[in-house]
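Naming follows writing order (A, B, C and D), and every chain is counted from residue 1.
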Amino acid sequence: MMTELKELVWKANQDLFRAGLVILNFGNVSGLDRRRGIAAIKPSGVPYEELKPEDIVLVDLEGGVVEGGLKPSSDTPTHVELYKAFPAIGGIAHAHSEYATMFAQARREIPCYGTTHADFAQGPVPLTRQLTEAEAGGPYEQSTGRVIVERYVSAGLNPLVIPAVLIAGHGAFTWGRTAGEAVQAHVILEHVAKTAYGTLVLNPDQAPLEPYLLDKHLQRKHGPHAYYGQKKGETP
Amino acid sequence: MMTELKELVWKANQDLFRAGLVILNFGNVSGLDRRRGIAAIKPSGVPYEELKPEDIVLVDLEGGVVEGGLKPSSDTPTHVELYKAFPAIGGIAHAHSEYATMFAQARREIPCYGTTHADFAQGPVPLTRQLTEAEAGGPYEQSTGRVIVERYVSAGLNPLVIPAVLIAGHGAFTWGRTAGEAVQAHVILEHVAKTAYGTLVLNPDQAPLEPYLLDKHLQRKHGPHAYYGQKKGETP
Amino acid sequence: MMTELKELVWKANQDLFRAGLVILNFGNVSGLDRRRGIAAIKPSGVPYEELKPEDIVLVDLEGGVVEGGLKPSSDTPTHVELYKAFPAIGGIAHAHSEYATMFAQARREIPCYGTTHADFAQGPVPLTRQLTEAEAGGPYEQSTGRVIVERYVSAGLNPLVIPAVLIAGHGAFTWGRTAGEAVQAHVILEHVAKTAYGTLVLNPDQAPLEPYLLDKHLQRKHGPHAYYGQKKGETP
Amino acid sequence: MMTELKELVWKANQDLFRAGLVILNFGNVSGLDRRRGIAAIKPSGVPYEELKPEDIVLVDLEGGVVEGGLKPSSDTPTHVELYKAFPAIGGIAHAHSEYATMFAQARREIPCYGTTHADFAQGPVPLTRQLTEAEAGGPYEQSTGRVIVERYVSAGLNPLVIPAVLIAGHGAFTWGRTAGEAVQAHVILEHVAKTAYGTLVLNPDQAPLEPYLLDKHLQRKHGPHAYYGQKKGETP
């Protein structure tokens, strides 16, 4: 059932691994068939080299397994929370990639210092608050999803133009219209995180990119007169 | 038409990608046939793995498409400005490579700290000023070319002996007599940027290389008695 | 004799090399058959590319060679001390991987800044004291094992939930139930060390992860209701 | 003539390139037949991918070409100076590898912070003085060799136990009994430089390794009772 989605999600997981964003069996990618309300996600604790398309697990938007002989990723409740809160997204990637994790662990947002970032996200990559002791003791992974949503809703952030978030003391989630776009967003996030890290080393007081340039790049890729790529709105 | 130039430009784009200087479909390389006034350039938003020589787009020095079914790189107007202002160059590469971008985002020039740099560029790798709001709102990529030219002309810099520039809050452009040389210049730029970064971490007050050594290396590679390589003027 | 163990240890050594944790012929991995009291270990000074399963040396828990035409790793006495003091472990890896070694040389423990670390080790990665002049002049590698054991015993650390240690001015040892697990622990240690390094650069005063999160992750992977992976206690 | 030496030197050059210590056609390795007084060295400005064993140039210890259709490396006079001053060495490697170059450009020696370094070099990796304007204007590459020798002779350093040197504002030279050993020394140097860099970032005031440990490691690998490797004195 849904072999095409499973194949796409399997490939997106492989791309995450081959891009050097995860070690061992860490990280996971999912894709959503929003019409049916079913997501395909990596099984928990399976090495990427051994992962086959048929191992991908199907879950509904309550997190229950619809099909699959393996347990879904332990981060499935986080994915489900995001799919429910952000209706425009259809794919999610999660990794503890090196430089994004440095910012998450240092509990700093990633400021927008350049046009690579501006083409990717309309402002700093936001950071969630840390989970409380009560949240950590309850449904932990679901609460992780909820603090992400809280961060976006409370600040009026649009997930479509800020497709990446840092979880305090943890790692990052990225998303897009498909699982493949979510992985591309993670590749860009890590590049943006690494260059921001070096920018801060070279100039700890560096001001963010001028707002009019941030807006220019938003319009260039996402505005009504977008001209980047072969078709309007093409990714990235 | 001009299949040889398209092939060379296609190969130079692949070399940029394989050297790890770009992620996804970012970056672009062009080559110019100056006699005909036609440049070959990477199409916009096409992944390197899928790029074929026949996808390379031909444009004239007004930026108009001469041949090609795909849109040229959105940075084409920057390339065109440089070809018009710097008559000795025949190839241009653009990337947001990691360490060059750190300097561009920190809005610092790359000082010349050693002989690798001295063999490459006769002085610091210059940094443009940031574009104004008016420039960003107008023909943005053309203005990027113009601030590069402004930086060279205002300081009397010779593009042939300083074949790389940083764009404030953006990335880098490099050039040479051919597209291949432009990519080689980018490889060296990234090496020079990374070692300068580490030099600054180890010694924030490090003085630049002694001027007489800078001059020695210029003469060794570019002077009338150049003796590096198998032939005078060979690159690099 | 014991060809299966030798094969596993050979593969674990290859994995250490392919993971980029060692250069040239540095580093070594061993595996123990605790019932027989015999360990299999890499021979001294043999390049990984030339290493064959039959080159793996068998030693007893006094460090004496049981089988093998080559000398065992000069670090064999350290492995033996750990196997004798930590009854639950069955595999050990030793490397001077880059970021772990930076902490060992800077004589700093690796603080737990995030959930990758919390899933791996229940607290900071500990650092041994430096060997005394008398210890360095005596059975040096055995003393290295003894200061590791001293560090765990004196602080009541459980080697099963803190499977990595830094040796002051030297490198790291990691372990697990098998040689393969020991190498996986080294891969995670290096990731944790690199992200902790960057965390400290971004925020030198960063506090460690909240204790309730450290405990949450311990229980999630090792507790009676562990739910990570396909089976309880699965690694990693 | 001397095809075996040319083959070994060709392979050592390839190893330098494959180890990631050089970009493009930078760097060079030579090997010496001391009985005949003839050294084999990489030709100047030839890319490693195109380099063939028969391209290796033979030179005498005055730097004159004995055989070869290509010009020898422009650094040949430096190699010749070292072969003449250090009678025990038979191979030399030169590169601007990233972390060694950072120290050379920051004009700092590489302190010995750990046992990887102690196994490699008996003390800090020394730094030459900068060449004077007169030296830079004369036989430049020969003078580079002379300031290296000056650094060793003036401080009574033994090139056999300190097989690497940093040239102020330039890069590094390493050596050994053969071209292969010289390249291995360069691999270790870069590892030692990178971990020393990180050690300094984590602890700018870190003291060097205790002298009794430095001596222990010297004896372990080079002393009369050396026990590292399969045979006494085996490299590394």
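The rule is short, and it goes like this: a residue touches a chain if its C-beta (ideal position, glycine included) is under 8 Å from a C-beta of that chain, and two chains touch if they have at least 3 such contacts.
These numbers come from a predicted model, not from an experiment.
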Quick check for you: after a Cα superposition of subunit A on subunit B, what is the rotation angle, between 0 and 180°, in steps of 5?
90
Between subunit B and subunit D, two touching copies, which fits better, same or different residues at the interface, with half of the numbers shared as the threshold?
different
Find the geometric centre of each of subunit B and subunit D from their Cα atoms only, then give the gap between the two centres in Å, rounded to an integer.
32
Centre distance in Å when subunit A and subunit D are each reduced to the mean of their C-alpha atoms:
46
Indicate the residues of subunit D shared as contacts by at least two other chains.
201
According to the definition already given, which pairs of chains are in contact?
A-B, A-C, B-D, C-D
Which of the residues in subunit A come into contact with subunit C in the complex?
23-26, 43-46, 70-71, 74, 96, 98-99, 101-108, 130-131, 133, 136-137, 140, 169-171, 197, 200-201
Subunit C partner contacts - residues on subunit D that touch it in the complex
113-116, 184, 187-188, 191, 194-196, 198-199, 201-203, 206, 209-210, 212-213, 216, 220, 227-230, 234, 236
